[in-house]
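Every chain is named by a letter (A, B, C and D) in the order it is written, and numbering of its residues begins at 1.
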Amino acid sequence: MTHRIAILGASGYTGAELVRLISSHPSMVVTGLSGDRKAGMEMADVFPHLRHIALPVLQKIEEMDFSGVDLCFCALPHATSQAVIAGLPRDLKIVDLSADFRLRDPAAYERWYGKPHAAPELQAEAVYGLTEFYRDEIAQARLVAGTGCNAAAGQFAIRPLIEAGVIDIDEIVIDLKAGVSGAGRSLKENLLHAELSGGTHAYSAGGAHRHLGEFDQEFTRAAGRPVMVQFTPHLCPMNRGILASVYVRGEPEAVHAALARRYAPEPFLEVLPFGTLPSTRAVAGSNFVHIGVIGDRIPGRALVVCALDNLTKGSSGQAIQNANLMLGLPETAGLMLAPLFP
Amino acid sequence: MTHRIAILGASGYTGAELVRLISSHPSMVVTGLSGDRKAGMEMADVFPHLRHIALPVLQKIEEMDFSGVDLCFCALPHATSQAVIAGLPRDLKIVDLSADFRLRDPAAYERWYGKPHAAPELQAEAVYGLTEFYRDEIAQARLVAGTGCNAAAGQFAIRPLIEAGVIDIDEIVIDLKAGVSGAGRSLKENLLHAELSGGTHAYSAGGAHRHLGEFDQEFTRAAGRPVMVQFTPHLCPMNRGILASVYVRGEPEAVHAALARRYAPEPFLEVLPFGTLPSTRAVAGSNFVHIGVIGDRIPGRALVVCALDNLTKGSSGQAIQNANLMLGLPETAGLMLAPLFP
Amino acid sequence: MTHRIAILGASGYTGAELVRLISSHPSMVVTGLSGDRKAGMEMADVFPHLRHIALPVLQKIEEMDFSGVDLCFCALPHATSQAVIAGLPRDLKIVDLSADFRLRDPAAYERWYGKPHAAPELQAEAVYGLTEFYRDEIAQARLVAGTGCNAAAGQFAIRPLIEAGVIDIDEIVIDLKAGVSGAGRSLKENLLHAELSGGTHAYSAGGAHRHLGEFDQEFTRAAGRPVMVQFTPHLCPMNRGILASVYVRGEPEAVHAALARRYAPEPFLEVLPFGTLPSTRAVAGSNFVHIGVIGDRIPGRALVVCALDNLTKGSSGQAIQNANLMLGLPETAGLMLAPLFP
Amino acid sequence: MTHRIAILGASGYTGAELVRLISSHPSMVVTGLSGDRKAGMEMADVFPHLRHIALPVLQKIEEMDFSGVDLCFCALPHATSQAVIAGLPRDLKIVDLSADFRLRDPAAYERWYGKPHAAPELQAEAVYGLTEFYRDEIAQARLVAGTGCNAAAGQFAIRPLIEAGVIDIDEIVIDLKAGVSGAGRSLKENLLHAELSGGTHAYSAGGAHRHLGEFDQEFTRAAGRPVMVQFTPHLCPMNRGILASVYVRGEPEAVHAALARRYAPEPFLEVLPFGTLPSTRAVAGSNFVHIGVIGDRIPGRALVVCALDNLTKGSSGQAIQNANLMLGLPETAGLMLAPLFP
């Protein structure tokens, strides 16, 4: 059986990535695409790499017909998403890729995003979309909130360590290197090739990055008491990929064992042999996550490094993984594509 | 039915690309891998991006058991390939990705490659692997010679124009921009990131590039009389991709029409609307070819631009396309994966 | 004696490059900077790489005091430039880096730029700024029009060949690879890192690129009769650099000899040994031009390749070279900085 | 007065960078160049970007005449350097860019480099070349040991904080992003463009990187008691640049004040306004260091980020700065060149 899929916000990178992945998915077909400013255009003109795929023309959301749609991916900008989703049919299954439904607490949302939530009842309904940790809730959910891509990378490295009690939860530093597609197809000076290629710098440092809201919410839930991490993202001259270097206090072998044990049954999580560290290049274009652990020369300290593709496992791949669960499909359907290297 | 596949030379980029593509192929499974200097190693250690795939350990070729193997891809270096293939079982289907069997004429081989061919009888048997132009012969062949990646790009742009008689065949200039993976995983100073990134330069200019041997052979065959093109490849700071800018004399609309007509039934060849030109970014990681045509301000001159991924359609994807034909599988099996962008 | 310099349009790349070069120039000091949208800001905030240099605050042009200014560089956008320059003091020496005064013929300007020139009397006064070919006129000029960066690269390769009569002037093809800084600090989707890095494509093909207006004007003047070239620029994932691959008909050795002879006395033009071709990497960040010639396997055909840095020799370095002449300074003053590699 | 300079190991990146910088130095001229495997070659053929400079032919070291040489830069590989320097005239001033003389303690050298030092008496004589902290000793020294490039970046961020007593010296984490030229012009698979571009990964993690020997030596000396830091370098797809993100415990404003105060008189050290962080792009190609400080949301924690160019301030620029002192020249002579951007 083929499920009919609508994608809102198909003219952005996560929208295009959804189309790419669905094009080789065995049980999904795209039947509706929205792209506000590009309504009326063919996807082949917006994203030439999708030219070979038969796709509907881009529409305005208000022109779309959701009858017969089995699931809707919402790849709209933050803030826009909550307004749009509030207007969609109440029985439509939705995976939202924006930040709008990630934080359960309306006060936390307002603190991190600077204004009150416009659809607090939907916020209460939404399930946090980190599949490996919310699998059962997601399978039952109508509305799933995709995680932040950085938030996913950090949680994959840290959550099992909190749960296993093998690290000092007050001493966690996340130094993260992010590819530029995470910022979307937005016209900003600092995203120009001439500004970005050949160099690196930190951004949203000092505790300002909004994905900290997710870290706080999720680590606190996992630990059963407040946890605050220190987090610095850096922009790197690469199009895809996140490398989270996480500094923790604990026995390195115990750290490695906790991760290896936790992820042994997971199809997309690969824990490398102790002492081996991952590269973003080895996961680019795929739904896989590579995690490595090494001990420091200072006893009782370990480095956990987590690599994933921000557009795939960090966003659109995760979204399809969640949609698979919501539609009763095999969780890995359409997602076992190998990374692209070199 | 699943076909059993061996890959010789699996520690290079084209070998890894074969493994990547076969990992989502519906009717192939890799049962043998050779990698001379890396014999005894796991592919996960040679190519970490393939870590999630269950694969045989790398062996030396002489240790491999070819009984039960349905088809063997040979991704060995030039010159090595002819010696190895001469020693393989005579009933084994083989797709060779090296340059060893591309030229039918032993004298031409010796002229371009600097020494006599070691297996001239195999050379006579081999079918040239440009699928869209040798489909029937390939389906019947035991030994297929994969084309040069640059040679493929140039031929896709030019062959239909020669066949249709719409251009002056004595006035063809091919200015080609090639990504660095075409040079393989070889330790050369000019392939270092520090040497290559952020700049561009011509190489093997002036008629020295060996893919000219293929152009000469194939264009002469298509035209029925000798054809010599002028060809300059340039190395660009990109990992995958070939962009062939071909300057021809002829009516631009007739040029476009000849290409559009010739490739209309082809699943992998996309001729863009007249006046639209392709980008390598829109085909990276895929088996698709994008071709565009624009007229020049000087009447009677046209520019044909052809974009493909050197590792996929230019090498390993083409090889699988040919193998599909040789094994009686649908030609597109495993090859409809969308390009990766961004 | 130190000359007082004003730079209009200092918040763009060519403006910043002027500041960089002047910071180690022995006889120039920047005394005024304009940047319309960034008026009131420090250059250190607009371009952090200039932080160590003592510079005036950015002003609006109308607030600037030109008394005491010896020479003004105008690095404003096309069309803006002619309006601004028309309002500057009539005795102020000016080097304009825009396209506004490159074409002498008002009809040609209107044809290429789509509207009538607003200051035709200044257009008549302006001297075309290709230093090596207009040295004497430039030394006497009040207003010099910097050349297009692509136009400079093509002319360096071709002009001496036309003058020496060693090529067929009706058979010139220029296939050019350009770095992204040539497009300026402008917010366009196709200039984003995510869109541009890792691939290449043609742009303004088919005779649409405005630098053809300069080619037509200058080659026709050099030849004494109309000359039209075929010209295709390609955007490459590099920040600086132009590589012009020029296909000509003529005896290769004669082509090389004509270039070597013509440029022997030139301090910035390096003709490589016959058969050696240049790389953009070897001139990046400098005012040097590298030119190479190789013969083709087809007799009577040659490839001339010219490499320069679009921001330096193609724009701001050329502007300073011209300003040196206009101010009676040594032509090479401040411009002998070696390229940056790697 | 012009000083005569010899450069040993001129065929590597730091050797070429010395030549580049000296080419615009007012008081130095290169009179001898060695390059063992490239002896007999012109520099123009080894490094085409230096083609415009009149330079001696590359020689073997044993063929070189050191009479009349005022100072010798030794840019040889580690271990080679100590043997060669032991054979040079005892009154020759030397700046060594290798790791051979950085560690004062022979036992520490043996521990980090895996074998006993071959010239321990020279090791005792050598002065550690971090100019801003050893200025007086360097001015008197005959043999100066250039620092590790990563070691320089970390020390610029941390040393003044230890000296000012504003941080907890047992809680220092250095997460560093390094450009690829730091690994030299060496033929290693992981330095190929196809392997490195478009991704990032950690290397020499867990306390294995040899620059830790310098951190230990220098921080312990500054603190007056043993200090061990945690240090993870990452390889980034950029040719030049180091970004050291240093996590410290202390009052952020006090941290910033200590750095600003310490570096106020330094010509090459720029401390950015509190809350502003640097980019490697803004120092590339220059001898400048940009340092920024931001407070974390967790009270009592700060992030210090230091950016420099590994080949210039991290190696060859530093070497010339030291040579200026040793020769009685102004410390900044030849080193005020602005960074190259974009």
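FYI, a residue touches a chain if its C-beta (ideal position, glycine included) is under 8 Å from a C-beta of that chain, and two chains touch if they have at least 3 such contacts.
No experiment lies behind these values; they were computed from the predicted model shown.
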Taking CA centroids for every chain, report which one is farthest away from chain A. C
When I count C-beta pairs in contact, which pair ends up with more: A-D or A-C? A-D
Rounded to a whole Å, what is the gap between the Cα centroids of chain C and chain D? 35
Between chain A and chain D, what is the gap in Å from one C-alpha centre to the other? 39
Please report how many Å separate the Cα centroid of chain A from that of chain C, as a whole number. 45
For chain B, residue numbers touching 2 or more other chains are 13, 181, 194-195, 197-198, 237, 239-240, 278-279, 281, 284, 342
What does chain B use to touch chain D in their complex? 13, 180-181, 185, 187-189, 191-198, 237, 239
Once bound in the complex, which stretches of chain C touch chain D? 13, 16, 19-20, 23-24, 47-53, 181, 197-198, 239-240, 268, 270, 272, 278-279, 281-286, 288, 290, 336-342
Of chain D, residues touching chain A in the complex: 173, 175, 177, 194-195, 197-202, 205-208, 212, 228, 230, 232, 234, 236-241, 243, 245, 247, 275, 277-281, 284, 294-298, 301, 303, 305, 307, 342
